[in-house]
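Next, two complexes with chain A in common: one pairs it with chain B, the other with chain C.
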Partner chain A sequence: MDLTSFTQYVLSGLVIGVIYALMAVSITFVHGMMKIVNWSMGEFYMIGCFVQYLLVTRFVGPDLWVLGIPVAFCLVFLFGMGIQRYLLRPMFMGEAERLDEYATIITITLMVLFRNLAIIIGGPYQYSVPDYFPPTDLGPLPISGNRFMALVGTVLILGVFYFVMKKTWAGRALQGMSQNRIGIQTAGINVRRLDEIAFGIGVGLAAAAGALLAPVFLVWAESGSVPTMKGFEIIVIGGLGSIPGSIIAALLLGLIESLGSVYISSVYRDLFGFVFLILILVFRPNGLFGERERLA
Partner chain B sequence: MTLLWGLGMNKSRRQFFMTIGVLAVIAALLPLELGEFYVHVVAIGFFYVMLAVSWNLLAGYAGQLSLAHHAFAAVGGYGSALLLQYGSEALKIDIPLWICIPFGAFVAGLVGYGLGSVCLNMRRIYLAVTTWAFAESFRLWVISEYEITRGDLGLSTELIFDTSDPTPFYYVFLAGTIFCLWVVFEIIRSPAGFYLRALRDDEEAAQAMGVDTVRWKRFAFTVSSAMAGFAGTLQAHYIGLLTPTPIKFNEMAIILIMVIAGGLRSFWGPALGAMFIQVVSEALRDYSEYRMVLFAVMVIIIMRVYREGLFGMLRDGMAKLPSLSASGST
Partner chain C sequence: MPILQVDNLSKQFDGLVAVNDLSFSIESGEIRGLIGPNGCGKTTTMNMLAGLYRPTHGDVRYHGKSILKLPTHTRTAQGIMRTFQIPKLFSEMTVGENMMVPALATSTVKTPEFIEKLEHKSSEKLTFCKLDHVSHLLAKQLSGGQRMLLQIARGLMVEGLELFLMDEPFAGINQVTKETIMDAILEMNKDHGITFLIVSHEMPSVRRLCQTVSVMHEGSMISEGSIEEIANNPLVIEAYLGGQNAAS
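Up next, the complex of A and B:
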């Protein structure tokens, strides 16, 4: 095995890792803020894919594909706020016996709902979005233009996300909420309102990922299931609620899948992540960068 | 009457046996009225009743919201079918089905014990994610080890009865369902049932009161997985073909919808919900996606408005007719 091809494998693994990262960040963000796991995250990704497909093929044309990402983000942001307000908020109002159980049931049901609605609207067909960008080279690695754009786009979106979280008032409030939901109420922050914003941002990021990755993977009713699978693996490996952890874990997972399928067997490609995940859970139950869960 | 039932039977147990006896007689007479297709539908409905009731034991009573129940059904099915195929080859005898079916259930129980042990220290979200990861890895394993399991092509296996008429299978499923309901009922009534509920409501408090939480968590996982595996083996030897498709997460979502629709944490609720969803969804077969949307909306409404589910509605309706008030739940 020579050095060039090894570098190529490493690079392609890292590219895949970056592509996974956005989805993982969106899942872990919602968990960090609201202490729930959103099982329907892949369906918001799928909505993002469809928004992008409709925009590119029906409305603005393939040249303005960049528009699809903010449009998908904004639409799904508003939609997510509505869902949080009318379906998930009751769990914080003392109506549900156990928050996590209520949230799991509601979000799994939403997954079934959206998936089947998508089949009703879009049919069981797989759509493909026209290419964003011609093939190009990344160092020694020839890469498809779509993947290259997904890489650049993810880095940009994560950069904006980082900026919002660190520099704006809402971002700081959200950081506070992830540390202590009761504590920030004493600082006069409306937690209910912030929950809506947090959930909206979380699902919006998933939709942005969907819009960005629409040409890399196919667009159809179940296009959310693979990103959700990878996303969950990543957030558990990185530690639930830790955003840097999930980015690092995404890169690690990409590397493991890429190198594992070359050096062990490509048949097991999708299994590596799960084996890694179970090992992590056995030896480091809180993930690589997770903090110990506090008992309320 | 008191004398007759006085042999170690208290009121709730008597009520249980009377209810299940009436239901069993009705169910046993049904194939005379129903066409062949609906006999098949109701038989599969019994399969889901077994899954729903055992999942309710784990998630509803013990509070361990596992998302791997559909995988345990498949573990049982594959366990039995693989023993039948490879065990018979290795030993050069035909292993009879009455060994294979308990073996499948046993394997599922064993795997459930293992998964329960891995999850001992995991709370809530970690538990859900870990069990989900187990189910997905099992599915991927079945697909990738196609030399053993025949992957997506499907592993064909022997039928219990050598006929295409669903009626004899119907009675096997009915008997299996009655057995599962009885086991769950006895567990819930026994001290074990109270330990499980204590575990669900407050693990620390239960521990402080001297409940061996480790032991009872494993117990809940093992029993409910074995039951799911049992249902899975019956289904495998009824359909005659095992594929990885039922290990998809959609199947777990269906079990969850059935249990919630019927009423989580009630004894009869999940059984009612499973049968209701199965029969309605077969009746609406022509509108395949619309029916799932309908069920999802129904579950959301139940979660938001009336947590007791269909069984709760039925019970409240019955309570208005005092003489017929239905039997207990928690």
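Up next, the complex of A and C:
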């Protein structure tokens, strides 16, 4: 195998890794902020896919495909804030005894509800979003235009997310909440409002990922299941709650899947990630960047 | 009118009664001590006063108005601040950011002048708490005493602070830092009229700071008075030493 082919496989792995990263960041962000696992994240991704599909095929056409990303993010952001306020907030108000069980039940219920609603509304069919960008080259790697734009879009969204979290006071308040939930309340910040915003941003990112990837994969009621599975794999590999960990783990997973498919067999593509996950759990149970929780 | 009035406050966790029909009041400008054996309900009481726990029964009035339904951040905005035995800091942020984030995150105005004013206030409070030389360090790099001081300094950033609830501010802290904290409390009380409710097991510190001390035992108030009065109260002696030991 020559160097050019190897570079192509590495690049292809990194491209898919970057695309995985957005979904993983959205899952780990909600976990880091609210200390809950949102099992319905894939369904918010699916909503983003459908928003993009409807916009491109019915409303604005392929030329204005880029509108789908902010529209999906904003709609799902507001929807997520409502869900947090009316369904998840009670667990932080002393009205639920087992927070983790409460969150699990609510978010699994939402997952089942949204999937079935999507089947009722869209039927059991798979839809495809038409290409809106011609094939291009990324160095030595020929890449489909949609996939290239998904890559560029993901990098841009992650960049904006990084800027908001690190450079704005609201972002720092969110970081403060993830670092010390009681401390942020006693410092005078409305943690209920922050919860709404954090959940809204988390599910909004998943929807943006859906809007970006709608033309890369098919759009249907269970579109979100594979990205969610990959997302959970990535956040465990990277370390729960660690955003840099999620990004690096996503790139590693993309590389492992790509190289494993070439050098071993593409039949086992999904298996490579799980083997890697098991190895990480054996040698670093808290993930690559996870820290052991201090109990005292 | 007392600044804080606690009426028949109770807190039950399933079958465990942590605080039982507790009533007391604190006058404005007072430094009140709250002591009692381990597990007597002091921290639970502080959590109810700060709005972190919802009482099972009873009322808490601040300047005569019930604050029972107010969430923690609203109580802070009204001038009630609480510190913890294990400081609740933003460990991955610098000392300076720990001071600034709450004020800036809650403010709608973020003009350069406002930020500059806030930075000046932060630097002043850090100097007051002898932390100015570590303002660039991450909170997790501070010693235990410095973390406690940072909690206090961050509390002083609250606009219109009137009532400072301190939970074990001297626990596990060296004598020099203890002195710094005590001096800060006395100065805040004298110069700014801030009222304190201090939970502590450190009797020398309580003796130096508090005019009045309230004693809790098994969730209830058993005595209140000067340190000498409570020290001679048979109920207090029995609570701390146990019935048989007290008798012998």
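As a working rule, the second predicted complex is superposed on the first by the 293 of 296 C-alpha atoms of A that agree within 3 Å, B and C clash if a C-alpha of one lies under 4 Å from a C-alpha of the other, contacts with A are read in each partner's own complex, and residues count from 1 in each chain.
The rule we apply is simple: contacts are C-beta pairs under 8 Å (C-beta built on N, C-alpha and C of every residue); 3 or more make two chains touch, one makes a residue touch a chain.
As the structure is a prediction and not an experimental result, all values here were calculated from the model.
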{"item": "First (chain B), second (chain C), both or neither touched by A:225", "value": "first"}
{"item": "If touched residues of chain A are counted for chain B and for chain C, the larger one", "value": "B"}
{"item": "Touched partner set for A:34, first chain B, second chain C, both or neither", "value": "neither"}
{"item": "Which of chain B and chain C A:117 touches, first, second, both or neither", "value": "first"}
{"item": "Which of chain B and chain C A:183 touches, first, second, both or neither", "value": "second"}
{"item": "Chain B versus chain C as contact partner of A:172, first or second or both or neither", "value": "second"}
{"item": "Which of chain B and chain C A:192 touches, first, second, both or neither", "value": "second"}
{"item": "Chain A positions touched by chain B in one structure and by chain C in the second", "value": "none"}
{"item": "Chain A-touching residues of chain C, taken from the complex the two chains share", "value": "50-54, 71-73, 76-77, 81-84, 86-93, 97, 100-106, 110, 154, 158"}
{"item": "Chain A residues within the chain B interface of the complex", "value": "31, 35-37, 87, 90, 98, 100-102, 104-106, 108-113, 115-117, 119-120, 225, 229, 232-233, 236, 240, 267-268, 270-271, 274-275, 277-278, 281-282, 285, 293, 295"}
{"item": "Residue ranges of chain A touching chain C (in the complex, touch as defined)", "value": "94, 169-170, 172-173, 175-176, 179-180, 182-192, 296"}
{"item": "Complex contacts: residues of chain B adjacent to chain A", "value": "59, 63, 65, 67, 118, 121-126, 128-130, 132-134, 136-137, 140-141, 144, 249-250, 252-254, 256-257, 260, 289-290, 292-293, 295-297, 299-300, 303-304"}
